[in-house]
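Below are structures written as structure tokens.
Shared between the two complexes below is subunit A, which pairs with subunit B and subunit C, respectively.
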Partner chain A sequence: MRAGRGEALAAALFLAPALVAVVVLRLWPTLQAVLLALDAGRGLSLDNFRFLFGDPEFLGALRTTLIFGLIVNPVQIALALGLAVLLNQNLPAVGLWRTLVLLPVAVPQSVSAVIWGVAMRPDGPLNAALAAAGLHPLPFLTSPATALASIIVIVSWVGVGYWMTFLIAGLKDIPPSLYEAAAIDGAGAWQRFWHVTLPQLRRPLTFVLVADTVANVLVFAPVQILTKGGPQGSTNLVMNEIFTRAFEADDPAGAAAATTVLVLVVVVIVAVQFRLMLGRDEPA
Partner chain B sequence: MTLRKLFGALCLMLVLGAPSVRAADVTLHFLFTQPPDTWDAVIAAFEKANPGVHVERQQVPFDALNAQVQSRIGAQDSSIDVFGCDEPRVPAFSRRGYLVDLSQYRADFEKSVSKEAIDAVSAGGKIWSFPLWTSTQVLFYNKDLLAKAGLTPPSIDPKQRPTWEAVLAAAKQAQAAGAKWGVSFDQVDRYYELEPLYVSNGAGVGLEGPDMLTPAIDNPKWIETTAWYGHLFSDGYAPRGIPPEQMPPLFAAGQLAYMVAGPWNMGLFFKTPDLHFGLAAMPYFAGGTPSTPTDSWSIAVSPYSEHKDLALKFARFMTLDDQGALMSTQNLPLPPANKAAFDAYLQRMEGQGGAVLAGYADLVRYELANTAVHRPRSVGWVNFEQIMNKAFSDVRNGADPAATLHAAAEALKSAFARLR
Partner chain C sequence: MTRSISLALAICVAALALLPLWWAGVSAVRPGPDIFRYLSPLSIWSVLPRNPTAQNLTVLWTGPFARAMGNSLIVAGVTVAAGLALCSCAAFALAVLRFPGRPVVFALMVVSFLIPFDSIAVPLATLFRGFRLQNTYPGLILPGLGNGLAVFMLRQFFLGVPRELREAALVDGMGWWGIFTRIYLPLSRPALIGAGLILFVFQWQAYLWPLLIAPSPEMHVASIAVANFAGEFDVDYGEMFAATTFAALVPMLIILFFQRHFAASLASTGSKE
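And then the complex of A and B:
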């Protein structure tokens, strides 16, 4: 009993810094945002939420974020998985390829945004390459038809390599005996991938799916630096909308309400993802 | 024994090290958006006159300054003592509590700067910031590109100001003769430089009412002027996708025949080898009113500064002191708001600029006295600027002018309703 109490105390001591950080840096600001959103200083009210859900800018930002998420998450995870499987093979100089794919992670988001911004200028090197190949130039960040796709390319340039490393680690954990057994049973490459690799990768894939979804909901720097939400609101992701509202439009209560909505949306999405990926019988 | 020695050595180091930090040492944190060397001379002079005071520079991009002020001073953070404040932001920032009431120094202001300069930093009958510079815009042209097209350079004499119609025709001709681009603004998509187009075309400044909180931007004249702006890009006079910061280098690289821009760009142009440029009065629409942008940056003191007296002293030195005000123009040649420094600045510019700047002093004096249009002074200015700049950017990228202005008007009404 005494040893148990001692262990609990030690555990509490070790956990304390993390718990304090969670409370001070996460829970307290979230609570403040909720109180501000509810106009707690002047009695509770839902006026800020009523305003937001009648505001075309905010609704547009939610819609854009939804479209962005529906495209960027499957694309990034599929590419990360494909690259992980490929770079898990015994290829020549595989370490070099892995490093090259991971390298963009080391570049700060703001720097990579500026580099991509120059590359995607109408008179930039990407259009020069298209012209050299006899293709029409693309407007990239200057047209509402292509701007969101361009942002997806930019964030994926960083994201794919990052998520790939988690999946490679997962692949390394799969016992080779499972593949040998499957091969003895006559399973082909596709069947081995479908019936051995994917089920065995369920946990790392769940992590990547959840973390990637959250990271992509919070995409901000490339939008702020390259498009500021334009052209015509086509890249106005919800984080940019919150930033603009809080720090440019002097509407902290509206920004707090938008943040509250964003947190609720993320919590619901993550809960659904955990449920779908881990099933009912497994603890999340 | 070893530990004891180590402890003793540490104590000795602390004791010996202490005198190097004087009790009077103070660091003032100065937030701004200009290139850091803008302040070399004025900071050096201030630090020399005030031993123990160090001014730390914090430069942020133009587009980030609002957010920095809002997030840091708005959170009552004392890490900014002095900051650059674009003059039209004074009403909004004073309402939000980001500025110190300077009305007690009114007599000093009246001695050093004009009434217009005081008005530009006033709101609600009080003075809130120190006027640093004033501004105007000119039409730069590339002499070589014009000569290649057989074009006569436009005049620096404001009485012979070119019309936009003439400039566009000449720009097309220059492009036909090899110029990559014909004409552009350096501050593309920014209301500051585009406002004179609307005033020149009789469209108004875009806000109305006693508090300037009623949008007036979706009327036929505004739509017509905005469509004209959009055509500059759809018809290939000017490039899309290039931010304001990259436009002066485009002119310096010899890719642009004409560019409306601030005189501060001359520093870059004079330094660029093989660039032969001239300057003329800003164009106007035929039959319209000649109009030019004005107002500029002021220097504000944070109400949350822990060294408010020193911060006030530094801000005063940069603006109200004749010598300090002139030093503040040394590396970024904007006309100072200080009256004595203004005359000295014009003399210095004409002396340094040779034939290129002959007539520049007369042009600046004329524009400030006759054609300058102020941006709307309103607590809604920050919202207005942000929403309008986005609208201009959309039109530049091909959006329909009428629909864009209508959407911007709705966004403005929504934003202003939140202010009330």
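And then the complex of A and C:
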């Protein structure tokens, strides 16, 4: 097949709009944030970063984001895996059940935040359900002890069905012969899950872990709508910290430095995600 | 036996996923004072409307929310059309055309589009204000056009189109634009629907970006309008639930209608063995 200059020119034209979008919408603002953070107007300096990493509020936001990630990612993946195994079976109307579990992710983030915010009110339906079960009411979003856990519940309701979809695709790729061989060896359901399903799902599970981590690093809407980072900073995730710095504390350089740190972290995770999307047979 | 337990479990988790949305929908047709009335003790009327009324809905549609829904539809609709054009052109070049540096361009493009633009929303908003795109439709639409998942998915699909088709077309003297529009696009309906759904969902549920770039009330989109209900001092819960219901219903109906496409296209962007 011919691969001449005409083909390269055509490629340039086909790619032009997307390349302009990459440069203007992604690289330029990132560069601007980096330059602002480095104080490029007055010569380069790391003062903004030094100040940022000495600021207890920013360190608190990092710590909260880390704790949040260490809990929310395993919880979501375990739930998504359980749902995937359940809804990968040959059940009546299984497509409908799968779609219903997936629906919350399509709903605007503000909608899920608002609904759950009302549901978690002291006189709301969740406490009514706890009372009906004979349990003590919970303060949910109003106490530093339970607020972060409440945000975890909300974002998990949104995200679990989405991650389940990728794991169901992974389950479908497992050759049935492996299960047949395991059954002949007399393996029970639990052993089959442990020795066939889990090892075979390693790649899709890694992919979901990586993509889910990115999504959870950037959680913003439920925090901004429901808690504004409180009470007592207990839900001040890093996106909310950047937003507050930029628009309420009027500290654009600090916000830019925090954005730079965030983008660095996200780029590394996304590069791993891209590598996983390509698969083993395709060089990157 | 195990199968019926599994089915019962499946119905339970589906119901659990739907319950918050159901409750919002039911509350939307309750008379205002009734929303917290049937909670203790819990009864059938906690999840079904007693004395349903359309009052919240009519109040809602005569207020500013109608305009926000209209804005959301315009923004999401244009995003799908223009985003599909942009992503499919790029995917075609990356899958079919040979040019120097292709793997680098591919990696650069997908990685930069995979970075959720929320992470750079604050500096991007500063940039857009400089372009005078604040409170405009292009300001709301532009960042949603390039989508890494959509580019990746369309490229995967184009790679699967048999090479013989384009070779025959080249022999017949067809140009690359003809090959793209007359061969690749017509063959790629499922991938285009999947990519369109991804573009739509991303734009419809966006919150941070419209909050930053379109603060003026007549440019609010539905997701912002919903959040504003919750921020009011004296919340009208009936109206608020009516707004959440409509903002949720549009993507729900679209996903239900295209349910197989959506799940399949998401899955195709997952990891590869």
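Just so it is clear, the second predicted complex is superposed on the first by the 241 of 284 C-alpha atoms of A that agree within 3 Å, B and C clash if a C-alpha of one lies under 4 Å from a C-alpha of the other, contacts with A are read in each partner's own complex, and residues count from 1 in each chain.
We adopt the following convention: a contact is a pair of C-beta atoms (placed from the backbone, for glycine too) under 8 Å apart; a residue touches a chain by one contact, two chains touch by 3 or more.
Just so you know, these numbers come straight off a predicted model, no measurement behind them.
Once the two complexes are laid over each other on the shared chain, residue contacts for A:Thr142 go to subunit B alone; subunit C is not touched. In the overlay built on the shared chain, the residue A:Ser112 is in contact with subunit C alone; subunit B does not reach it. Of the two partner chains, subunit B and subunit C are each touched by A:Asp123.
Of the two partner chains, subunit C is the only one that A:Ala18 touches; subunit B does not reach it. Contact comparison for subunit A: of subunit B and subunit C, C touches the greater number of residues.
Once the two complexes are laid over each other on the shared chain, residue contacts for A:Phe68 go to neither subunit B nor subunit C. After overlaying the two complexes on the shared chain, residue contacts for A:Phe243 are found with subunit B and with subunit C alike. Residues common to the contacts of subunit A with subunit B and with subunit C across the two structures: 117, 123-124, 243, 246, 252. Listing the residues of subunit B that touch subunit A in their complex gives 63, 66-67, 70-71, 74, 92, 96, 239-243, 382-383, 386, 390, 393-394, 397-399, 404, 407, 410-411, 414-415, 418-419. Against subunit B, the residues of subunit A that register as touching in their complex are 51, 55-57, 117, 120-124, 139-144, 228-232, 243-244, 246-252, 254.
For subunit A in complex with subunit C, the residues that touch the partner chain are 1-3, 7-8, 10-12, 14-15, 17-19, 21-22, 25-30, 32-33, 36, 83, 86-87, 89, 91-92, 94-119, 123-125, 128-129, 131-132, 157, 161-162, 165-166, 168-170, 173, 203-204, 206-208, 214-215, 218, 220-221, 224-226, 239, 242-243, 246, 252, 255-256, 259, 262-263, 266-267, 270-271, 273-274, 276-284. Those residues of subunit C lying in contact with subunit A across their complex are 3, 6-7, 9-11, 13-15, 17-18, 20-21, 23-24, 36, 39-42, 46, 85-87, 89-90, 92-94, 97-100, 102-103, 105, 107-120, 122-124, 126-127, 142-143, 145-146, 151-152, 163, 167, 170, 175-177, 180, 201, 204-208, 211, 222-224, 226-227, 229-231, 237, 240-241, 244, 247-248, 251-252, 254-256, 259-260, 262-263, 266-273.
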